[in-house]
Amino acid sequence: MLENMNEKCAVVGIFGHKEASKLAYFSLHALQHRGQEAAGISSSDGQKLHTIKDRGLVMKVFNEEKLATLSGSSAVGHTRYSTAGDDSILDAQPVFARYDLGEMAIVHNGNLTNAEEVRSALIKKGAIFQTFMDTENLIHLIAKSQKETLTDRIIDAVNRIEGAFSLVFLSRTKMFAMRDRHGFRPLSLGRLPSGGYIVASETCAFDLVGADYIRDVEAGELLIFEENKAPLSIKVFEPTPKHCIFEYVYFARPDSKVFGQSVYQTRKNMGRELAHIKPIKADIVIPVPDGGVPAAIGYAQESGIPYELGIMRNHYIGRTFIEPTQEMRDLKVKMKLSPMAEAIKDKIVIVIDDSIVRGTTSRRIVKMLKEAGAKEVHMRISSPPTTDPCFYGVDTPNKEKLIAANMSVEEICAFIEADSLAYLDEAGLLRSVNATDDRYCTACFTGNYIV
Amino acid sequence: MLENMNEKCAVVGIFGHKEASKLAYFSLHALQHRGQEAAGISSSDGQKLHTIKDRGLVMKVFNEEKLATLSGSSAVGHTRYSTAGDDSILDAQPVFARYDLGEMAIVHNGNLTNAEEVRSALIKKGAIFQTFMDTENLIHLIAKSQKETLTDRIIDAVNRIEGAFSLVFLSRTKMFAMRDRHGFRPLSLGRLPSGGYIVASETCAFDLVGADYIRDVEAGELLIFEENKAPLSIKVFEPTPKHCIFEYVYFARPDSKVFGQSVYQTRKNMGRELAHIKPIKADIVIPVPDGGVPAAIGYAQESGIPYELGIMRNHYIGRTFIEPTQEMRDLKVKMKLSPMAEAIKDKIVIVIDDSIVRGTTSRRIVKMLKEAGAKEVHMRISSPPTTDPCFYGVDTPNKEKLIAANMSVEEICAFIEADSLAYLDEAGLLRSVNATDDRYCTACFTGNYIV
Amino acid sequence: MLENMNEKCAVVGIFGHKEASKLAYFSLHALQHRGQEAAGISSSDGQKLHTIKDRGLVMKVFNEEKLATLSGSSAVGHTRYSTAGDDSILDAQPVFARYDLGEMAIVHNGNLTNAEEVRSALIKKGAIFQTFMDTENLIHLIAKSQKETLTDRIIDAVNRIEGAFSLVFLSRTKMFAMRDRHGFRPLSLGRLPSGGYIVASETCAFDLVGADYIRDVEAGELLIFEENKAPLSIKVFEPTPKHCIFEYVYFARPDSKVFGQSVYQTRKNMGRELAHIKPIKADIVIPVPDGGVPAAIGYAQESGIPYELGIMRNHYIGRTFIEPTQEMRDLKVKMKLSPMAEAIKDKIVIVIDDSIVRGTTSRRIVKMLKEAGAKEVHMRISSPPTTDPCFYGVDTPNKEKLIAANMSVEEICAFIEADSLAYLDEAGLLRSVNATDDRYCTACFTGNYIV
Amino acid sequence: MLENMNEKCAVVGIFGHKEASKLAYFSLHALQHRGQEAAGISSSDGQKLHTIKDRGLVMKVFNEEKLATLSGSSAVGHTRYSTAGDDSILDAQPVFARYDLGEMAIVHNGNLTNAEEVRSALIKKGAIFQTFMDTENLIHLIAKSQKETLTDRIIDAVNRIEGAFSLVFLSRTKMFAMRDRHGFRPLSLGRLPSGGYIVASETCAFDLVGADYIRDVEAGELLIFEENKAPLSIKVFEPTPKHCIFEYVYFARPDSKVFGQSVYQTRKNMGRELAHIKPIKADIVIPVPDGGVPAAIGYAQESGIPYELGIMRNHYIGRTFIEPTQEMRDLKVKMKLSPMAEAIKDKIVIVIDDSIVRGTTSRRIVKMLKEAGAKEVHMRISSPPTTDPCFYGVDTPNKEKLIAANMSVEEICAFIEADSLAYLDEAGLLRSVNATDDRYCTACFTGNYIV
């Protein structure tokens, strides 16, 4: 129940389909779990780009009439998570620009680590920035590049940025997809049933529109889509993969494939591995829904302890505009999650969650289970302690708010008032995702950032 | 996945709490799964009743300001499912009336089988009906009763109506809760942490507001709540229980207790029983979420076949305002449910659902699983074939639309294109709910209606 | 600028037009000035009545889809002003009822003076009241009448009520229009271009839909509309006209004809008469828009003093959700009205308004004009001092809040800080409306109520 | 009734008031008639600029909470008229940019005639454009200027642009107001009651917030506002005034002063002048509301023909979502305007409007007046025939849609079916606005554009 870590964005690109924006729209629905604050689509009809973007869910931003104005056979889309602050209307994507080669629209998932530096240099040379998105750097770098073709300019531009980026560019006649040299954030390539192409942050978008998964866009690879041609691949950087392992732990949808593997299977593996950490004789294994479900199933299968639906997630959650009375403390978590009292009562319960960020939700869950009659509550986490913030596109709290950065496992256990607590270790996590080399970024667990 | 059968309503009553309407409001959130079309609350401040009701979700109908106008220490609330038709604004509950004894507000879950008859008789005597709710009969019967006290009039009134009714009445100083002689629909009694009382359709409302379950309001019982007194019980009818067994199968929230038993446990039992019907050697057991989950867990435990999360339910469902293109057929079900391809591929899959109404959704699910790579798909239903419509408060399609009323199990299996299909039999269902006598209404499976 | 007196309602009925509800809808737009809180239409398709009503402006309550459900060739509509209070959702009209003769829908403009009495008697006999509208009395009286035909029952019912009522009833096959014996509130009859009929509170509705004015429904007259027949007239009461003179002063739209006369002309007459009351040598005559315009034109023509647009009414009025700072006092009136400084500066100004209720708005207007540079401000009111509340369908403040009930004209003049103040006298008002007998109710000026 | 010509924008700047954004907000309400499509405010708290802007009316874009985030003692605001097309979310103003000197926000009323040229040159040098507003040129020119101070850069920038611009710039510590050398669009300077300053497109904004008019910002003048200093004036261009005469004819609010003169007085003057053009013996003079009112008053005073309120403007206009039936032709104009039949019947009517653009509305008005019984309808227009489009900030139809560009006065008269038609001539118009030299742009009447 990662209430305080959020994937920042999802991207999609459609090329070579007469209803490109419609497919992009459906894809954004599938990717909505990666960002609910704003959504947008740009399409190209060959002559001109059309853009609609706004705050709010995909469902709210678009309607039939609006979608109809996004004509053309190529489109890029974006859905974003946004931190509060100044009016964020301009911070929706795609970022659109007219420049010397024409028009372009860019969608970006990730975070540029040298954004301030690049921006300062650009500003010194007379550039102006109209938004607070680091993506704006890219359109400047492309516009200012001395190269002649857009392809060369994109290559030029991405050579000047550092950090995490899975990008899709749309020009009037072409589409480009690009991942940083480490491939921090996912980006997959698929084939539309009618022959065009789709790239998207997660393959669940492919499934929805009936596309077939071909392969991932490679770390460091630039893919160029042009009419009546197969996508052209350019190796812009020598790949040194550092895929975000947290995609497997929490972010990605379990029915997606990211970095070439089924998310669901890796989560089940984590549960299986976790079953060997501080094993205890319990009556039942239950997940914190929905995130903990696959790991709990894996844990139950490995340990032989029965799996139960011990906590239910409610669908009609009222925004609690009214302050609950004293006797209704813990109402907020209860409106979201309810214990299945009969299944829990007098039982020794192992409860599986994917991670602990601040600890307050875990504490409420333990309390709720005990009040529902659990004899003992043993919390098991299907990832290592989250000790360090992410700089590659995930919204994490400051280190001082990450409970695992400030307390030992024993102290956390005491804080959340569980009878025991254990985390999956890094080795187990790596085995779960079939890591045979150092291809995953585990900085949020280890503090080992790529320089 | 009962898309075509709907519980019609939920009721709640709060007595003896200074924030009665606030507790009613929270309770309606917990009961929202029983009706999403309209919601309302009436409160009494001892002098006057206050009512707010409107179309829409609880969250939309109320806000802090509105709730503040519902002052007083007692309140009744209602959330309703509504069939389309004429403007239904007047068909929200509570039904309010001023009459010779003062003011009253009534909330009702159920369906009166002699409503037309009673209404005709009342109309002949000069009564007027301003809504299309059978509940309006009750306020007329109470107003016209020759008895002196409200208690006697309620008893008089309920003696003239037939069918299913779980009712809560609010007067300026008292609250009354009543169930029909068969106790078709559930109604439970709880104690608020601060000493007052709550009655509600399901105990999940108790859990949310921190109330303790005391017991069910009995079939045929009238409970009278008065200040500074214990609730007074009057046996209005000799109880002949015929509890709606479908509450266990589908309607009630799994974390609720209805008719004195845990819904979750009975659903798991159904799964266990189902494991003995037409057993096959399968690789995995998966539920149709969310309804099929408890039965699938029970089935897996009993059969020893591994439980998997084979289908995922999506939370950000777009209203499909645009007609999907030909190549996006089946998009609608896919936006709601996605297969976990990796878990299913090349597997013999048993998929558990709670019921089949029209068959079209089941057909889409089978198709989706096969397209995701399932080697065989065996559908198992944790209740008997639904062959007959309900007259006791459930919205069912006409008999000609109930697939099981028109096809044999073999024919249904062929229609949904499953490799095999089996239903739980009535005996197994009755064992699952620990029926030692004929206390359950199974008319929707058997056509044996109570006369 | 009568901010504190409000006409309570408008009614319309359409008979014999295949798009009856559409005409009713357009008519309600024209009548919207008489009530902005709620709107509704009932139509009859010959078999069944259809009703849609809700809070809000006509524009918001209806849309194309909703209007399409109101099929049939007859319809009644209502738009209402509503006092705040409990949730007023049920207090929208038409009032619909099923009763022993079938179905009916009623719309009502006026106020029944014996409503409580009638209600109590009905309640004693077992009736129940579900709303707070006195109109509900009528459906009870009709339903309970022992007469056989609806016509006789309506006659029976209106014989039991007292006060002001302009009513339109709709049954499945007929429409009835009725005014009380005094004809307090207006109701006119017109012919649709295609041959059907329209009745409406004001003739501006006729103009919008292209209908021709035939005559007023008479005081005490019941008109019965039936297919393929001319409207049948029944004199239910001997007419003793007491038309609301305030319709001419303020309520009615100037382009309407009410009680057989042009509202615009009577208002101009009031201005002409007013020119003879306490005449002074002024530079300009200006109206308080929009109400004071016709009287100001009349005043200017009669006095020879130039008419100017001295105050402008603004169309984009922001709801002042923020408290204006101290230096922005009077901001509220300024957002609504702005002085035409150049026209006013150094001028002796006569400002014409239709009435003064509490005096606070007049005070702000005088202040605003003086701040804009007026040398002197002389307030002239085109009606006598409003000293008494209305019981016949107008929402007036309590007597203690009516400034003219508590202060002399001199005191009011001092309070509003005008250089002089004069009101039209009763005789002048009566001449303005061509009163040759006592056919007008002037109770709000005289306290002479009809008993 | 200029339905087809629209002022494009209004600007406001507040400097030196602790509730600067609140004053800007109120000012935008007063200026809302100049643009209803989008609104925005940027404020500076000395360290940082804060911006909120969105589509919709001022009332909708802001609420108390949002306004509270716009802290600081200086603010600029904008309200805009927007042509339909691509999603215009980015085309709201203020335009915000971070650049090498920090942050700036700009609001602009006008139109740059060399925008495409400037943009192309900028783009060639590597600039990117993210919106479709010509205002974006300015931030680029300022950012790229080699001058050291913002003041010098603004001067540098405005030297490169041509056309109409009334601008307000906000930096962290200063505010700048600037008008083009011709002073096409208005911009006035006022003093806030507490000592700070306001600049706004029209003085009606001053009146609302209690500010005193000081003088106009001069054509070609740059005003610099700095804390604790009197505004510094720099004559950037030698002024060659060409004020938009249409501000007097139609755009500005009559209670405003623009270009140093009362709008109301000039409109009355136009009416007086018009009375001498093709005079006829008529019974009454009536305005087309609201635009024609001052001229009609002037006409009546000069001619001695009585002024009447012959047409009423309705406030509750329904969007006509439903196609009116054949018998309801002309319904659309009737919902907006209604004739005062009694005042018009059998009269020879002179109807005054400010201009005719396409002619269709005039035609409907004449028809409506005749149907209301007018014996003769003589249309008089208080400006010369509109023959040429505007390039200085007004949204005009193409020349082929301007009826006066394609028909003679006689032909127009025949088209609108009036008994006679006359326009004010240019000389009369110039006298009305007290033009003693060529200080007004009359290009829309003459085609004499400033090069």
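Per-chain residue numbering starts at 1, and chain names A, B, C and D are given in the order in which the chains are listed.
Basically, a residue touches a chain if its C-beta (ideal position, glycine included) is under 8 Å from a C-beta of that chain, and two chains touch if they have at least 3 such contacts.
Small disclaimer: the values here were computed from a predicted structure and weren't measured.
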Fill in the blank from the handout: Chain centres computed over CA atoms; the one at greatest distance from chain B is chain D
Practice task
Return the distance between the CA-based centres of chain B and chain C, expressed in whole Å.
Solution key: 48
Problem - Inter-centroid spacing, chain D versus chain B (mean Cα positions, whole Å) - result: 60
Exercise for the section: Indicate the residues of chain A shared as contacts by at least two other chains. Expected result: none
Handout entry: Category of the chain touch graph - line, ring, star, complete, other
Key = ring
Completion exercise
Each pair of chains that touches is included here, namely A-B, A-D, B-C, C-D
Problem - chain A-touching residues of chain B, taken from the complex the two chains share - result: 19, 22, 25-26, 29-30, 32-33, 36, 57-59, 63-64, 67, 192-194, 204, 207-210, 253-255, 257, 262, 264-265, 268, 293-294, 297, 300-301, 306-309, 312, 314-319, 321-322, 324-325, 327-328, 331, 334-335, 338-343
Completion exercise
The residues of chain B that touch chain C in their complex are 50-54, 66, 69, 86-87, 89-90, 92, 95-100, 119, 123-124, 126-131, 139-140, 143-144
